[in-house]
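Heads up, the next two complexes both have subunit A, just with different partners, subunit B and then subunit C.
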Partner chain A sequence: MTQALDEIKIGGLGASRRRVEDNRFIRGKGNYIDDITLPGMLHMEILRSPVAHARIRAIDTSKAWNIPGVRLVLTGEMMATRNLAWMPTLSYDTQAVLATDKVRFQGQEVACVVADDPYVAKDACEAIVVDYEPLPVIVNPEQAMAPDAPLIRDDKENQVDNVAFHWQVGDKASTERAFAEADVVSRISMHYPRSHPSPIECCGSIADFDRATGKLTVYMTSQAPHIVRAAVAMVAELPEHMIRIISPDIGGGFGNKVPIYPGYVMSILASILTERPVKWIEDKTGNLISTGFGRDVYLDGELALRRDGRILAVRMHTTSDHGAFFGDAQPSKFKIGLMHSAFACYDVPHAHLTATGVYTNKAPGGVAYRCSFRVTEAMYFQERMIQAAADDLGMDQAEFRRVNLVRDEDFPHRTAFGFLTDSGQYGRCLDVALEAIGYADFRKQQEEAREQGRLLGLGISTMTEPLGAGNSREYDILGIKMFDSAELRVHLTGRAILRTGARTQGQGHETTWAQIVAHELGIPADDVVVEEGDTDTAPFGMGTYASRSTPVAGAAVSMAARKVRAKARKLAAHLLEVSEEDVEWELGRFYVRSAPDRGATIQECAMAAYANMPDGLEPGLEASAYYDPPNLTWPFACYVVTVEVDPETGVWDVLNVVGVDDCGVRINPMVVEGQIMGGLTEAYAMACVQFITFDAAGNCIGSNYLDYLLPTAWETPGFELHEVVTPCPHHPLGAKGVGECATVGGPAAFVNAVMDAIKPYGVRNVDMPLLPDRVYEAISQRHDVSGAPPVKVD
Partner chain B sequence: MSPLFEEIVEDPAAAEVPTRRVAITVNGQRRVAEVEPRLLLAHLLRQGLRLTGTHTGCDTTNCGACTVLFDGEPIKSCTMLAVQADGHEVTTVEGLSSMSELSPVQEGFKDEHGLQCGFCTPGMMMAATALLKANPNPTEEDIRWALSGNLCRCTGYQNIVKAVLWAAAKLRGEEPTHDGAA
Partner chain C sequence: MYPSRFRYEAPRELTEAIKLLHEGQGEAKVLAGGQSLVPLLKLRFAAPELLVDINNLPGLDYHRVEPDGTIRVGALCRHATLERSGSLAQRQPTMAAAAPLIADPLVRNRGTLVGSLCHADPQGDWAAAVTALDGRVVAAGPDGVREIPIRQFATGPFENALRYDEIALEAVIPAPKGTPAGGYLKLERRVGDFATAGVAVAVELSGGLVTRAGIALCGVGPSTIAALDAEQALAGQALTAAAIERAGDLAAQAAQPRRDHRGSVEYKRHVIRTFVVRILRDIAGAAERAA
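And then the complex of A and B:
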């Protein structure tokens, strides 16, 4: 008789286990960066450039130094004497820490003040006088690529224009042949506007350099603390073992907290100089105006089509606006991220993508905000192109997709851009979504409504996306391969501590990683404590972004636990006095194959590892695993949105939102659904209100919450969620990433719905955000509305 | 709040900053502090009184992460000066419960997965607590309106609405229902 544990009861795989991190957060006992106070701690504030492009003639800091309580004023010149005025970016470019020669975007860091009190530091920033000589400003790619455009990056040798890179992928010749043979060529141009991840908690750091030990400890809002440690070691020329990066509780990241920002570097130097801890907490304006934005990509897309609805080829050209420094946080081989994942869910034989990146007088960034390395753009463009092509062919939206989706039996599927997708049931996913929304009924209602002058619309977005970068052959950041890791130590009482190289920012790792251990070992999840973010204690990992945690670190947790189980088997054989081959495993317990009543629990094995190990076996019960994933995971989804547009105002209301996600095996369904709802809200926000734009002088419009709008509970629609489960064949748990799916796939569903509603007006495209005045213009003028929303200047 | 001693700053100008003594009842306890008139209440709570559950998420009074109860009413503590709180009662997230016993709102947020990164949570729960005091039987629409001064970037609000409905049921003495439970 065996007595296998009930996996759900012990909080294992598939349990909607309530989150352990909630216990402190709901009591106000989280430990976020600004909650930390160290003895003797000073406060740093940054002075930012009020102009977008200007030579710095002089900086006078004398008045700031004279304010009581001011301990240090840093300028670019002082940083330069320590070779810290510039720092490397994650895309092999350089970024100014403090401007020396000139400023290149509004909000750029020009000086900083360290004082006893943050209020005093702010006073002192205002007392600094900077003499600027204005230069012509570039705010869009067209201006950047004009023949007589002023050079933004005159600091770089051999930089003759404002082009950051040219890049291409796919087969140009075969794609051209396919286009020559097409019955119909469908074309569309679009802009995915600049937005910002805008976590509610801004970025910050506390640097604490101890002169006596030579050790630098930095508390920092970082999604990838180990990469930061490596970068600080290289930039500050401190040895890695003397650098400790601690990423405490993070109030949301969304990709905003992957890069290394000038403020972090300044706080480190300030601590080294003052020999006291220095805290820097940016305000919301600093966050929105200077830290990693998302998107800002223009697309010219073409589909070669056969009359019967088959897609023969896709051709895409993207022009991306990277701001003044090419700082995209992405794998080094891919200049426009994984944009070439576009059309991965469709069986498209030929594809070619060219990309041009340009410098403009704006803050750097680009890869952030649940984009999975530009996949948000890829899937948005894909699904908008699909809708336009179906309209051009006069085909039903769902039917056109169904004709072209990769079929279930064709996995693994090699895409025309070279990716290998792992598994999928795309057609079923689409069917579940259409069933839930009541597709046929809605089309009837839409017809009836049109006769009454009401505009109903339905938008579909089907997609798959590459998550879990990634295998060491293709994916690295600054040369470091994109593996991840876990270390599991089982204590003698059978409780355990687990640390990984990932870094949660609210995604629930402390809860879900313990569930994997419970699944692998039968140790109740409540008996496993999970820690991340301290580079002195956690194993080296590449951090959490691009939904890579479950695919990579989650796999590592499984592998480490399996190593522990393998050793526990030896201990069980010793305890049961049989050979290892005679020992069977069931959840939480080994037993003798011929006598199932004779067993040893995992807890008994743990005790034996410390108190009764067999001769020759190393004491202790722990293991680590560094996991180099064999492939990316390819979750997929179908989002369907219905809307009603008011033709008199351009205001559109969401009627229903259905989301069907397939992320393979769900570790914690409750947490997965929370991720999807948050992601859908970001998708809705981008579709309807969110954007950052610039006026002709380079002034950033969207540098605070009055201009940069986030939906509240009042505007945000309700979501109806469903699931399909197609396990990942190469992941130890069959799980795929999911955190970014809804933000990646969601926006096109909202925009497609509005476009579907206003199709009778002959409108083909309105670029996001679909503000009422833009939709009204499209309806009343019967034309497309393109580009960044214009800024009205009185 | 009163320190055992205060560091004497060398520059005499520093000592000339005018301060005012305020007495505020925070979470039922009378706290006295010497503050500059320009000090924001949020900063007094966080830095002065070390009640760091109250967060600051923006600089334009939009996000509501700093929401506390001021004489029982929800206010954004980033938009009130500490001196204005003199003689008043303030309740922060730390005052919602004892370490051993959670308030129904706190329980509801945990049970319905109404939080992820946790940064908006204290402010969100304070606004919800005030709502349920004024309206023990709110509709979903009532809840969405009452919480529209509180931004959340993680949850999409749906589970927050469920959390408040859960808490409302519990406060009315009913058995709260929830979905997605193991």
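And then the complex of A and C:
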């Protein structure tokens, strides 16, 4: 008898295999956009608007042209002659590439210079003289919707106000009836502040147009290179087969590298005009003040409650600040993303959500930073509303959740907003988390501490979120359906190359995808190389964001491998001289059912595909699969945080953090835990310090790392992680999305903990980030603190 | 981030460095640790024509406690050296408390105390500590060497009393007459953030009384603020609860904070008061335990 393969040893499903990409990253051998140098390459720098709202009277570029080494100066006027001054956004709006009429936010692109080196380009930018006529500035929705507000989007026909959209979902009438019958109505309003994904690598591109072949190659920091190719084909009217987008190693994306930015378009035009490769590398300030942000949503939320703790209905109104252009990246049908996934983990019979989106004089984006289309806001609002409602009812936080969570036996469960959740053990996750934090003991300690004037607090966040768009019936971007793809080619020695339409940017695809192949075929993961990001070689896919890669592209990898296995079975039958029906499969090997010792390994089948194929069978061993998921995946998470607040300064310290994640089957548990720790770090960041704000003049406060604070290893707490596994019923491996669970569910746990600590002061809400001065104000003045109004800097 | 064009010189002799500065006619900047200057260059907030790198000058990388207790810190002594210094830990509690709170570990590896004083950032930690200790800056120029008291050294935000052709060579902390005690506290939103408010306290104790008190504040005014009334109120007093509260109140009054995204005027004053009281209570507690 041959020994069956040990799946963990070959790096298959469940193996905490070390990340293969780290071999190059930790040696400094990654190949990022700025590492690439092409012969004859020029450098582009962008001149940005110093003001938030102004009419452009004139732009004088003559001095810039006269600086030695300057090859090209582009303005909006010149872009307009080629119909490229404006471009479509991913949300059916338009966005200026270079301003022609007005600047609409501080940092907007006004001109660019292409020169022999980037220093000269920067000097030349400073030599451009722009005559601005200042206009009144709008920095929040209240100002945007004021009756006499100046019109920001006067470029758009029929736009009479600063409203980008009104949208609603749910059942208004039944929700109203439920509210009329409620014993208690719990209300809370809050703001989820604007933050920025701030990947360490900023955006950039190298456009290389070859006049001789007509081919445009663009190296670009993109999480979704195929969408970019399609968009460039449509916007620039270039033939799609003559466009090659290559996304090299990406130094972090978090949604920031999904949109198509003006800099990319300018570098493409500059290469066409100069017939030289043109490199644009964004600086940190440019990245922070002009590229896709996250959040900036206000909530008015209400829960209709029965005295015994049951939620009867939910009513939410969101007001979102999209900046100067509605440039969100989200499925076309849903104007405020998947905000209506709120309360999906609770059994809520009636729900109604209305949403208003407005334009302001702030950077566009709303790409929903590490978030599956606004679910971060949805789950934060949900869990803050849950905490306030439990307090209003005088109920224990854990008990109130337990009463309302969807029970295991109720799956599949249709949410009041219409989603179908299909699996989970919500109560068990909550139990595991409470046990780990020592819930009952902590409540006792909290009581004792209060008597000594010390403020301890405990916050819970429980949530499920929709990850892994499509299905294609409901989810598309600009009409392109949200499926994904994989192509697997097994070489004659049994080694293989796998390509997918996703694009890793830290998620570990090169490691994890190979493990899926190992699981399906028994080919050791080390024998599989994974390649992504080149549109000339990778199959069409929608890219990596919104925690969709494992649910969609990962499933496609399974399906492609299974097609290869089906063909290998024919080859095995030929090698074993039996009929296909008599061949059985075990990991890595086919064998004869009646004589298990007689077998052919997958490697022997691969060799046969090239060297010994049966008559009539097409040579080679490869397959591709396009996967359209039947539903989203619904992971569940419970995060519990304990804190101590210093009542004299408002400073708070994290005592413990427990995370329990049920993301279905874990392909690489180490990679999953890394994702959760990263997500919890970002959750902590949002809760304590990380936000972008604006003063009344529209100046961005957060334009560099002196003002935009990311927590470091010094203050980030440790995390205790646990798992519960409820396989996804429709994913081929039972896996669910996980990349964003902790960023989505985490912030509320931190905020709930601080609110719990200062509850004795009658404080119901302090908006994030919970900066010490805000917490102190809440404690000392015994009132809620809204972080929403623009800071007036004296 | 691409700085403007500049000339770079790295002289090996002090006289040559001074000569270069003199020739620079005010358009030259001294580069020591570079932890403030280089970001300013990259943001093009500073665009000097000449950088005079003093890292090759001999004999400036030192700190020492002299037999009488005077402390001398050379212009190339890094924050990290002071953070790890056994002699400071034993002899100078205010500096020992401040050293690990300077910026973040990366900055501490390169940045210098003397450079920090010269930068004269109103939020600078060292300026507050050295002010509380009533230190001096030793400067060398074409006309020789002179000493500038720290309380006259910063002339405004990011401006100091050095002439354009002078180099700060050394910071001097005078020897204490009594037993030195002190502390440094700052409120920062994150490690490496500038102080929302910072308090340095340095007292000398003798026979249960405060013989000298230094209290300096950072982050709450256009420059480092010496809380003179609080210092005077403590001098000659025992550290009673009432004296401590009074010093806290007077220090809070001395603060001149502005409202910004780090907090309100009232909040910053309150933090100053809280920190002064906390440090003095710790000192009183330690003195009581020692007695």
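Just so it is clear, the second predicted complex is superposed on the first by the 788 of 794 C-alpha atoms of A that agree within 3 Å, B and C clash if a C-alpha of one lies under 4 Å from a C-alpha of the other, contacts with A are read in each partner's own complex, and residues count from 1 in each chain.
Following the convention adopted for this analysis, a contact is a pair of C-beta atoms (placed from the backbone, for glycine too) under 8 Å apart; a residue touches a chain by one contact, two chains touch by 3 or more.
Quick caveat, the model's predicted, so the values are computed rather than measured.
Visitor: Considering only the touch criterion stated at the top, classify A:636 as touching first (subunit B), second (subunit C), both, or neither.
Guide: In the superposed model, A:636 contacts neither subunit B nor subunit C.
Visitor: With the two complexes superposed on chain A, say which partner A:442 touches: subunit B (first), subunit C (second), both, or neither.
Guide: neither
Visitor: Classify the contacts of A:507 with the two partner chains as first (subunit B alone), second (subunit C alone), both, or neither.
Guide: Only subunit B; A:507 stays clear of subunit C.
Visitor: Check whether subunit B or subunit C contacts more residues of subunit A in the superposed model.
Guide: The partner making contact with more of subunit A's residues is B.
Visitor: When the two structures are overlaid on chain A, which partner does A:776 contact: first (subunit B), second (subunit C), both, or neither?
Guide: So A:776 only meets subunit C here.
Visitor: For A:119, select first, second, both or neither according to whether it touches subunit B, subunit C, the two together, or no partner.
Guide: both
Visitor: Thinking of the overlay built on chain A, is A:326 touched by subunit B (first), by subunit C (second), by both, or by neither?
Guide: Touch partners of A:326: none, neither subunit B nor subunit C.
Visitor: So in the superposed three-chain picture, is A:648 touching just subunit B, just subunit C, both, or none of them (first/second/both/neither)?
Guide: The second partner, subunit C, only.
Visitor: Given the touch rule stated above, what does A:209 touch, subunit B (first), subunit C (second), both, or neither?
Guide: Touch status of A:209: no partner.
Visitor: Go through the superposed model and pick first if A:284 touches only subunit B, second if only subunit C, both, or neither.
Guide: both
Visitor: I'd like to check the shared interface: which positions of subunit A are touched by both subunit B and subunit C across the two complexes?
Guide: Of subunit A, residues 119, 283-285, 704, 706, 710, 712, 714 contact subunit B in one complex and subunit C in the other.
Visitor: Going by the contact rule set out above, which residues of subunit A touch subunit C in the complex?
Guide: Subunit A reaches subunit C through residues 45, 118-119, 122-123, 126, 283-285, 648-651, 688-689, 693, 701, 704, 706-707, 709-712, 714-715, 771-773, 776-777, 780, 791-794.
Visitor: Where on subunit C is subunit A touching in the complex?
Guide: Of all residues in subunit C, those touching subunit A are 1-2, 4-5, 39, 43-44, 104, 187, 189-194, 196, 258-264, 267, 270-271, 274.
Visitor: Considering only the defined contacts, which subunit A positions touch subunit B in the complex?
Guide: Going by the criterion above, the answer is residues 8-9, 11, 15-19, 21-30, 32, 34-35, 37, 68-69, 116, 119, 198-202, 249-254, 283-285, 505-508, 669-671, 673-675, 677-682, 704-706, 710, 712-714, 716, 718-719.
Visitor: Which residues of subunit B touch subunit A in the complex?
Guide: Touching subunit A: residues 9, 11, 13-14, 36, 38-39, 46-47, 50-60, 62-63, 65, 92-94, 96-97, 99, 102, 106, 109-111, 113, 115-122, 125, 143-145, 147-161, 180-182 of subunit B.
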